[in-house]
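Here the chain labels run A, B, C and D in written order, and each chain numbers its own residues starting at 1.
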Amino acid sequence: MNTEELKSSISNILPSAIYDETGEFLNVNIASEELYPLINELRSNSEFDFDYLFCLTCIDWKDHLMMVYHLLSKTHQHTIVLKAKISNRENSEIETVCNIWRTAELLEREVFDLFGVKFINHPDLRRLFLSDDWNGYPLRKDYVDENMISL
Amino acid sequence: MRGLIEDDYVTDEGEFVINIGPQHPSTHGVLHLKVWLDGETVKKVQPHLGFIHRSIEKMSESLSYRNFIFATSRMDYLAAHINNEACALTVEKGLQLEVPDRAKYIRTILAELTRLQSHLLWWGCTGLDLGAVTPFFYAFREREYIMEIMEETCGARLTQNFMVPGGVMYDIHPNFQKRTKEVLIQIKSKFQEYDNIMTGNVIFENRTKGVGFLSKEDAISYGVTGPTARASGVSCDIRKLIPYSAYDQVQFDEILGTGGDCYARYMIRMHEMKQSVSIIEQLIDNIPEGEFQAKTKNVIKLPKGEFYQRVETPRGELGVFIVSDGAASPYRIKYRSPGFSNLSALPLMAKGGKIGDLVAIMSTIDLVIPDIDR
Amino acid sequence: MFLKEYFGTIYKSIKSLLVGMKVTGYYFTHLDEIKTEEYPDNRATLKMFDRFRGEVVMPHDDNNEHRCTGCQACEIACPNGTIKIITKQEILEDGKKKKRIDAFVYHLDLCTMCNLCVVACPSDAIVMAQNFEHSVYDKKQLKKILNQPDSKLMQGVE
Amino acid sequence: MKILLTYSFSSLATYIHNLLAELITNSLLLQVTEMVILGVSLIAFLVVLCFFLGYMERKVAAFMEIRLGPNRVGPKGSMQIVADTLKLLLKEGLTPDSADKFLFNLAPVIMVIGSMMVIAPIAFAKDFQLYDINIGVLYVSAVSSLGVIGILMAGWSSNNKYSLLGAMRSGAQIVSYELSVGLSLISIVVLSGSLSLGDIVRSQENGWWIIKGHIPVIISFVIFIIASTAEINRAPFDMAEAEQELTGGFHTEYAGMKFAMFLLSEYINLFVVSAVAATLFLGGWMPFHIGGLDGFNHIMDFIPSSVWFFSKTFLIIFIIMQFRWTFPRLRVDQLLTLEWKYLLPISMVNVILVTVMAIMGWHF
């Protein structure tokens, strides 16, 4: 499917999606609550067949967090970037996708560790890199560590 | 959320839990695997990471676009060139900068030399992990020749930092082509020896055949890339799918296996070494004349936006994701490291095998721990 | 059939083992293949490649003059904060005040030999040296001042 | 030439015996004194032997791995192993807190005693044998498996999971491989008609068993080498240590002198196994003789019997060392597969073959 087809197909599932084509891939902006139904459809619908999640990360835009999912279909060779906006920064929550793509399990633990996004229904949500008694989430822009030195 | 310590030691009656690592000969660094055993059989594996986490992503947020490249050499230290190249390519993509052909060729040759030396080291370490010490030294002998090429042209052996946005740091050394050709002849003559001492060996075959099976569907679902995925039949060579640098100029095969076991992964890498030799042979005499570096501004500023570049490292797909807000340093950098995803499939592969199989699997998926922890 | 397979396996196995032993046997009997470099003993003949990056140095000529103008381009270029340039005001012969370096402080312990400072330098004042034997007993000794005492800026370098 | 011919360990032993007999008249006291001298000199000999084997192993490994090996301490690095032993002696002999201290300290001693005991019936040279027990072969196969008790003790008492795994592996391994070793020894017993090692050596006067017995004996020789490599826990059968899997197996917790004793016993075992193989299959101290060629045989006789014995032994030691530095390690289930599916059936059939051969007189 090309970009236009992808756009119209996704709009059929989720009319509220906002598209952004400035970058290399088609970006689909959605709200965090809408993520799971859409992403489930993207994986299971053979028209999309996004079977490969090659990058999962989070961006801290100071007033909100944004989950970024890079999806690729090995069969159709099309790529989209799904961006889920998490408005609640303090108590950020989003549905897990690790029952759809197994690779998400560790990647989501990494995001939880470094950004503090809680993944609902994640089987084993623990800190991945940092120790359990670590305070704060280092990759957030407002993270302060008194031991950090600036060059 | 339950605490790590508390969770670790609550086990059912009769479970035998051993901790492999963080200091263990076959984890190749500071990986910690918690292994549940039933006699010799592995029931469950749980990786614990973070022993060498340096938060390179956070560090890079305060470095300029010229500077952040050096830190990626410390991620996958066996493929420093390719990591650096990925960063340089991402910055070039953001700047929409056309890299001179000469720089592209030099980058490709150096990247393939890196792949060759990484695979050689992996071959030696696989032997070591399976209990044969001698192959390690044979592999290091050939690897040393490649290291000398690196040292002569780039100035360093492992962490070269030779890539800059727009090209390479220096032109190649006058001896580069001659030395590379000599080394290739040397390495090609040793492949038969490698097969004699390891590939055909009956003990080695028994240790690897049918061990650590990973199906094609699982490989994709777990995001496994590189030789590990290709052994399961997943076509995922970025050099073929989205050619970058000079890979569109060369003929080479993407080798796909079918077995999905340790032996298939081993054979894929052995064939890849031969492919790398052939790629370098095609390029080495045809390096075009011209500039080795495109002109860039003194202070590089990427336009506002998001840039993603995928490259093929010896271990799989490395993705560099730069989010720019228009400033002189990246707003957010994410490295999608191949080892991280490959490791996530280890518990699946190791389940039901013996402890010896776990070691064989770990060595054939070729884990580099700093790459996983970043 | 079973016996044929059974003995076939044994034959192949023993053959593969002997092929492996032939390789090690070859190297055992060919001692000229030994590649070991006896490092501290071969110091006299050991020559590093010209581009090898061992440490940053500031070349001085016979008149104890260097080329560093104190522009701090290297300090900005360094990703690790390895270089600190301390400047001073100097009154030249014609009465003009000029900025000159007082000390070019180089922390070898922080340096990753990335070569970015050398590339950034507009006046080629610093280069990479090939020395790689940096071990010292005290970390403080790794903090180096690269400009020699009483050295001056070379004529004509701005 | 005369000196060379008459020189042998037996004349030395007789000389010392005569000397002591003049000094000490009480026969019991004489016997005790001789035993003490023998014991001390045996231990000294074994320690020196282990130094040599340690050096040899390092050099063999180095040359196969295109390295130089030890080359700093002493001429050509020959004193390196002495320096290492001194280091191990000076190290603190740590005992883990939660270990079973008595067994923990006893295990290395049992290992060393077990391996030293096997030396007794071996004929080092013509007429030089500590104790030509009439059931020598049985004694060797019985005592050589004592070591497993030491390994099990060490693994269990360390209170370390890796050690326990290593010990359990070793238990399964040695019990299995004992069978093949025994059966391949029996084939020689059948041929020579005696259990005494002295008699077995004498039965090879007109040719070594490996030549006289041709194919069946060659098969049992190969089986003996493989199975005994496994029995002494050397790579590729070093399941109990398995550095890359179990970090050190049964001796993970040992340090200092206790660790050195495991090394000592490993090298003594290596020597003993090779000596037994040389005695049974390669004629022990017997020179190489070809029937009919008297001139050739005579020249061979000029070489002292001890030289024959040691050169045969070290040839086998070298082969076992080359195994270690060439092959990957087997997996623990494959180790048992090799024994129960290949070595044991083959050696059983082989024993029958040898028996038929011995009855029909098909050997040379």
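Basically, a contact is a pair of C-beta atoms (placed from the backbone, for glycine too) under 8 Å apart; a residue touches a chain by one contact, two chains touch by 3 or more.
Bear in mind that the values here come from a model prediction, so they are computed numbers and not experimental data.
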| item | value |
| --- | --- |
| Chain ID, smallest distance between chain and overall C-alpha centroids | B |
| Relative to subunit D, chain with the most remote C-alpha centre | A |
| Distance from the mean Cα position of subunit D to that of subunit B, given in whole angstrom | 46 |
| Length of the line joining the C-alpha centres of subunit A and subunit C, rounded to whole Å | 42 |
| Averaged-CA centre spacing for the pair subunit C and subunit B, given as whole angstrom | 24 |
| Centroid spacing, where centroids are CA-atom means, of subunit C and subunit D in whole angstrom | 51 |
| Shared-contact residues (touching 2 or more other chains) in subunit C | 17, 20, 23-24, 35 |
| Residue list for subunit B, restricted to those that touch at least two other chains | 134, 141, 197-198, 201, 203 |
| Interface hub residues of subunit A, defined as touching at least two other chains | 151 |
| Touching residues (chain side subunit A, partner subunit B) in the complex | 22-25, 27, 51-55, 57, 59-60, 68, 70, 74, 77, 81, 101-103, 105-107, 110, 114, 125-132, 138-139, 150-151 |
| Contact footprint of subunit C on subunit D as seen in their complex | 60, 63-68, 71, 322-323, 325-327, 342 |
| Subunit B-facing residues of subunit C, complex | 12-13, 16-17, 19-20, 22-24, 35, 48-49, 51-53, 77-79, 112-116, 119, 128 |
| Residues of subunit B that touch subunit C when the two form their complex | 63, 66-68, 70-71, 134, 141, 144, 148, 151-156, 159, 161, 164, 169-170, 173, 193, 196-198, 200-203, 205 |
| Subunit C residues within the subunit D interface of the complex | 10, 17, 20-21, 23-25, 27-28, 31, 33-36, 38 |
